[in-house]
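A, B, C and D label the chains in the order they appear, each numbered from 1.
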Amino acid sequence: MKITTDHLSDLNEKQEVSYTSELQFLRNKFSNRKLSLDEIIKKLADFQVAIPSWALGAGGTRFGRFSYGGEPASLEQKLDDIGILHALTKSAGAVSLHIPWDSPGDVKAVKEIAQSHGIVFDAMNSNTFQNQPDAKKTYKFGSLSNTDKAVREYAIQHNHEVIKIGKELGSKSLTVWLADGANFPGQNNFQTALQNTEDSLNQIYGKLPQDWKMFIEYKPYEPNFYSTVIQDWGTSFMLANACGERAYTLVDLGHHLPNTNIEQIVATLMLKGKLGGFHFNDSKYGDDDVTVGSIKPYALFLIFNELVYGMENNPQNPGLSWMIDASHNTKDPLEDLIQSLEAILIAYAQALLVDQKALKEAQAENDVVRCQEILQDAYRTDVRPLLKAAREKSGAAIDPLQAYRHLGIRKNLIKERGTKTKATGL
Amino acid sequence: MKITTDHLSDLNEKQEVSYTSELQFLRNKFSNRKLSLDEIIKKLADFQVAIPSWALGAGGTRFGRFSYGGEPASLEQKLDDIGILHALTKSAGAVSLHIPWDSPGDVKAVKEIAQSHGIVFDAMNSNTFQNQPDAKKTYKFGSLSNTDKAVREYAIQHNHEVIKIGKELGSKSLTVWLADGANFPGQNNFQTALQNTEDSLNQIYGKLPQDWKMFIEYKPYEPNFYSTVIQDWGTSFMLANACGERAYTLVDLGHHLPNTNIEQIVATLMLKGKLGGFHFNDSKYGDDDVTVGSIKPYALFLIFNELVYGMENNPQNPGLSWMIDASHNTKDPLEDLIQSLEAILIAYAQALLVDQKALKEAQAENDVVRCQEILQDAYRTDVRPLLKAAREKSGAAIDPLQAYRHLGIRKNLIKERGTKTKATGL
Amino acid sequence: MKITTDHLSDLNEKQEVSYTSELQFLRNKFSNRKLSLDEIIKKLADFQVAIPSWALGAGGTRFGRFSYGGEPASLEQKLDDIGILHALTKSAGAVSLHIPWDSPGDVKAVKEIAQSHGIVFDAMNSNTFQNQPDAKKTYKFGSLSNTDKAVREYAIQHNHEVIKIGKELGSKSLTVWLADGANFPGQNNFQTALQNTEDSLNQIYGKLPQDWKMFIEYKPYEPNFYSTVIQDWGTSFMLANACGERAYTLVDLGHHLPNTNIEQIVATLMLKGKLGGFHFNDSKYGDDDVTVGSIKPYALFLIFNELVYGMENNPQNPGLSWMIDASHNTKDPLEDLIQSLEAILIAYAQALLVDQKALKEAQAENDVVRCQEILQDAYRTDVRPLLKAAREKSGAAIDPLQAYRHLGIRKNLIKERGTKTKATGL
Amino acid sequence: MKITTDHLSDLNEKQEVSYTSELQFLRNKFSNRKLSLDEIIKKLADFQVAIPSWALGAGGTRFGRFSYGGEPASLEQKLDDIGILHALTKSAGAVSLHIPWDSPGDVKAVKEIAQSHGIVFDAMNSNTFQNQPDAKKTYKFGSLSNTDKAVREYAIQHNHEVIKIGKELGSKSLTVWLADGANFPGQNNFQTALQNTEDSLNQIYGKLPQDWKMFIEYKPYEPNFYSTVIQDWGTSFMLANACGERAYTLVDLGHHLPNTNIEQIVATLMLKGKLGGFHFNDSKYGDDDVTVGSIKPYALFLIFNELVYGMENNPQNPGLSWMIDASHNTKDPLEDLIQSLEAILIAYAQALLVDQKALKEAQAENDVVRCQEILQDAYRTDVRPLLKAAREKSGAAIDPLQAYRHLGIRKNLIKERGTKTKATGL
């Protein structure tokens, strides 16, 4: 099914009345600050987050998985789902493909479908943490870090292949998430594993097109439970430096030890011009991959505060590649993504409201109380009218979740696809 | 110095204009729900949080302490500080005394000062984690759990003494925070330590007046770094049950292991009618004791959501004893407390806005997405106009922090007391 | 394949020489303490740990699974594998069945196979965290805690069914691990969920045979990532008390928040006579389920120190049900279990060596240094000769891992079963 | 009091008999491996750990401190205490001075005392986390990262002063532990703070003598509870690279977030030639600073396994500066240090026993089970006879703790110094 402007205009009309007064209220509130709400609204309307091709079906845990009806059974159907999401929100205009889960058979056809939805191809994701049915080598004991050179080459080759597919699709970046590590002390020689990884990444980087970027993800644990080769931002940063200028660190919110100050990592990487990509999700315990903003929305705001600061003050850092990397075990995947997009834009809007000039002054005076007041004043503001204005501006549904339900989209998908399809992914 | 209505009326007048339109905006917004904002405003105005007598001076860490000017040098001055706080906020109408740090010399005089500020005496706190200069027994190896009966009796006696002082002051409860534990495996016999603690608590409880309550606090670690006798809510709950009907568990937000779901503990204790008291603060790493709501405001809201639910649905649970238990290492203590009170009332107001009926329905339908929407809709609302209305209603400053600064209160305190005084406490 | 005494006697003969001198060395070392090494050896020989029926195949994570050759394809083959393990170690004389993964088709035949291996049926495990292909109700939103009474009854009914099967097999206990919880704030009403769970457990308990015990497991998170109904020992203990005398708490080492002092929980539960069962594994980050003793062997020793103390001093607590609950993602499952059994017996032996009398004295004198010395002296002792003696005494292989490899057991299993079988389980 | 060889020879004679047979036992055990126990004994005898000048008195927490009798009241007495420790163990032949807590008044005299005890001056420690009574600038809001240039220069100047004192004493390194950070979001601009820190460190480095090294310590939190400028090894490593060749990262075991894989950090830093120093202690919750090896001895072994590997395979990394950085809240500080030294040497000895050749082979074959067996075989060996041999070889007490108690050293110290002295430190 395809969402058209007709679908949305009626719904939007009903919303308009109330949100217009809400927006006016905000305009009055901020009238004494040199702050253009229209500029903020424009930034919100322009913000685009890639949807990973594996996020359209139900996720699961090692204890099992509960299917969701109407899951997309093919890459084409996945693009259709993102198309729906993008029509409703105008914030999801990109897809991040995972190879081989979503290898495009007919590249031209896939590109056309994407184009018809206004979707571009963001970072390509390789997979060297699972064995495919036809695998000639096993990644059981690692891929880019493997002690066996043949396995390393097999994994490098796969990454080269992913770049090739990406080039055909018009992508401009490669994300390497390396699950390599050990379940037990002694299993790996840390130094050898790191050295092998550096060498392998260098070889992948060697075939990276000149206008591409490579993102190196880090994660402290899972699926390995004793050690992970690229365990933290420091290791990723070191490897990115070893590869070259177009290699960057990628931050996934869920990939940190308990209590990590992630916003500080963001600030450091942007200062050094090495933050390349960002994966959104939320978590309470580990890499829980739950809906963005559902557990720690203030932390998300603090991170956005650093991202906004960096985007405004760090020309040395390139534009960022944004992606949602969540898993939907008990929710309708599309509804979950709508909630995630909403949380991202709320945090972004709040961060854009921060009075940076006043903050700088308060910091210079060590007026800690006032520093906190400035951040919390932005955070406590109800910024949802700004999102509504941005969505109306860009032709999206003013209230995407309400529109999704009102239009009976899931029901339609189930009608089209049945209840037994299973999307590739985790 | 004493804040009078005159001090505040001018300031409030200037605030009134803007907040009235903000409030009207909220009234419009919620007009379609059967929700009385006036009732919420009344609840906010009625909410009183005790200030501990040790929170009026600068706090420190084991690495040192940076003094703050104008700290109160006596219990009387501490009451004056709380008086200022209460005048500005009308939310701090109680003090929680710590004995012996703040033993009242002249009980009558102390009561009169408190009364003049409209302050009542909330829970009394005993101290068996430090040796006083004139101590006849040492708590180095524990107090209520000590292997030496004489030490246990000394600690029990101290608690009896605290009850006696509390009775004279008009307090109605005793809080026992037990630091007892071990720094090293083997140091304690866990079973003996627990048994001794149960016996000692029973003896304290034995002298508890009939109209008093006893609160048993728990904490996983610090100042002991291997084990703590009352390490979690389960142990506290077990001990409270062993003591009797008037013994309750006290929850301090900072006293939990990483990632603990505190709101669930709150719900369980209220269901069982055993939640007695609540200590507010916030933390990122351990028992950091930083300003309430400064790190995890959404978690605070979720906790308040359970507290509000419990207050409405659990008649088996008594009214709660609320206290701020934070430490102000780099902020003006009074400003910090104003910020903490603000954060508490914001979370309370948000929780009061939750549409409980809709939530119940969504839960019954397992509509997880809608459940989240209902909570987040309340949380994302800017409830500060409700706080302003509540404060105006009760004769407080509409914007207490601004008033505090405008009136130059700290400057006055420094003038009166100098820069070298040091308040008792941590 | 079946291991016979002939298989082992040759291998043992070669081992005997060296271990006899090692044992003599220990005898000399401890000659000055009133400590019977023979008694310790006997206790080690008698110690039996149940093997869960799901631990004989390769485990996996949500990111995938790497198969192991020769996995058992049926319950019968699983019993054969445990038979091998028991023949080699004489410590694995029990199986813990998971229903419906390992429902016995022909009960009589299954009992005979078990008997032929000297294996008894330990605790039965129910499964209400997955939907079976023929399920009439879904556990997606909980089982015993579900808001829908029909689902709760379906889950209760399943537990009754598991009891029935267990009775036929000669089991004497039921383990209930409840995955119920929520992925998002608001999804559950905590109080309703807890109340429903208590009611459901009571109904299960109602059909528990008089000579059976019921074990209630707890876990803070996973597969749910916001809350779990039975999140900690305190909740399990409360529920066990609500059920009755034959309901107990079960401790699984991996089911705790970071830094939890588990040994203290063990001590508390044994003091209260409510520790029923124990699941062994190890972990660094979460419920990693890696080989026992592979990450924190000293913590395991400290836990055994409390278990030994409880077994000697707490007649109010019944005999414990021991089980290994680990997952073998990258190891031969049988080798992994051999290593786990070794680690368990080492910790047990070390704990048996602790000079309890001296410890008690040192504790009474608050001689913290000496307390630590006493524990560490036992821990630092190389107790492996005691294990060898126990194994020889009971007719096992003196060095089970060496025997396993020497006898080429995995190779034989692959020959018999092929490389494509997949054992039921996680 | 001064320990002489006479004091020890009698005690040692009694020990000799038993330990000689124990050693012989080990020799037999390892006779089939090409492993020189004598070489290991020599390495153990040569291993020297610096004692910080602040570790000779009782430590405390923010909740208070319990004094210990006979604490050293001056630097001279501290050196005497280390002298005792070194005489008993021959492993504590260095002191690490903290300025200004232990500024030497008369440098020449202090050097002579140290020399008389066979003690050299290891790394110098500066202090910019506390205000000294005569401080002209306040470090309340940071030192090297402060927004105020004058404060930064004051702190830089202090570090230059510390270098100057160190040069006079014969030290060859400076340790910078920076407590700078923030208690609240917004308080600091992360990028400015980091940039200021880099500049300040560069200026300190600029005055570093050519034969000196500079160690940059990291720590995630405490005394600041929201952020710390040098929060992790990645930041320290980045800063060390920015300073130059003689700047290194220093690892303190307690300065990590929960569950961090520290041994991997060690391996990475040694591979890159940037591990400069190592602070020993242990912890269960945070930076608990308890006795080395008292909580996680296996983790300590795994770390030593990497250190030994690095010392043998990484010529690019310089010799390491070892120090104990623990706090003795409830133990006799000297006894605690004896226990720490014992734990360090045990872990070192176990690591030296690891069959590196076999490990490498098993790793190449991905024989995970065998890798674990190889490490655990070394770890499970009772290596205490090797320590005894090393101590006898170097003229120490074979059993230092027994000697310490037998000689009544604490009693003597109390007699000399009384029970009221308080050593400078935390």
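The working rule: a contact is a pair of C-beta atoms (placed from the backbone, for glycine too) under 8 Å apart; a residue touches a chain by one contact, two chains touch by 3 or more.
In UniProt terms, the chains line up like this: A, B, C, D = L-rhamnose isomerase.
Bear in mind that the values here come from a model prediction, so they are computed numbers and not experimental data.
Asks: Comparing B-C against A-C, which pair counts more contacting C-beta pairs?
Replies: Spelling it out, more C-beta pairs touch across B-C than across the other pair.
Asks: Shared numbers divided by all numbers used: is that above or below half for chain A and chain D, i.e. same or different?
Replies: Mostly the same residues form this interface, as more than half of the numbers used are common to both chains.
Asks: Centroid of chain A to centroid of chain C, CA atoms only: how many Å?
Replies: One centre to the other, that is 40 Å.
Asks: Could you put a whole-Å number on the gap between the CA centroids of chain B and chain C?
Replies: Comparing mean C-alpha positions, chain C is 42 Å from chain B.
Asks: Hunt down the residues of chain B that sit against at least two other chains at once, touch-wise.
Replies: Residues 140-141, 183-185, 187, 220-221, 226, 258-259, 261, 284-285, 291, 294-295, 330-331, 368, 372.
Asks: Using the touch definition from the top, list the residues of chain B that touch chain D in their complex.
Replies: So the residues of chain B touching chain D come out as 59-64, 66, 129-131, 138, 140-141, 179, 183-185, 187, 220-223, 225-226, 258, 283-286, 288-291, 294-295, 329-331, 426.
Asks: Inside the complex, what are the residues of chain A that reach chain B?
Replies: Result: residues 21-22, 25, 28-29, 258-259, 261, 284-285, 291, 293-299, 330-332, 335-336, 339, 346, 368-369, 372-373, 376, 379-382, 384, 401 of chain A touch chain B.
Asks: Quick one: in the complex, what on chain C touches chain B?
Replies: 140-141, 147, 182-192, 194-195, 220-221, 226-227, 231-235, 237-238, 257-261, 263-264, 267-268, 270-272, 302, 306, 309, 313-314, 359-360, 362-364, 366, 368, 371-372, 374-375
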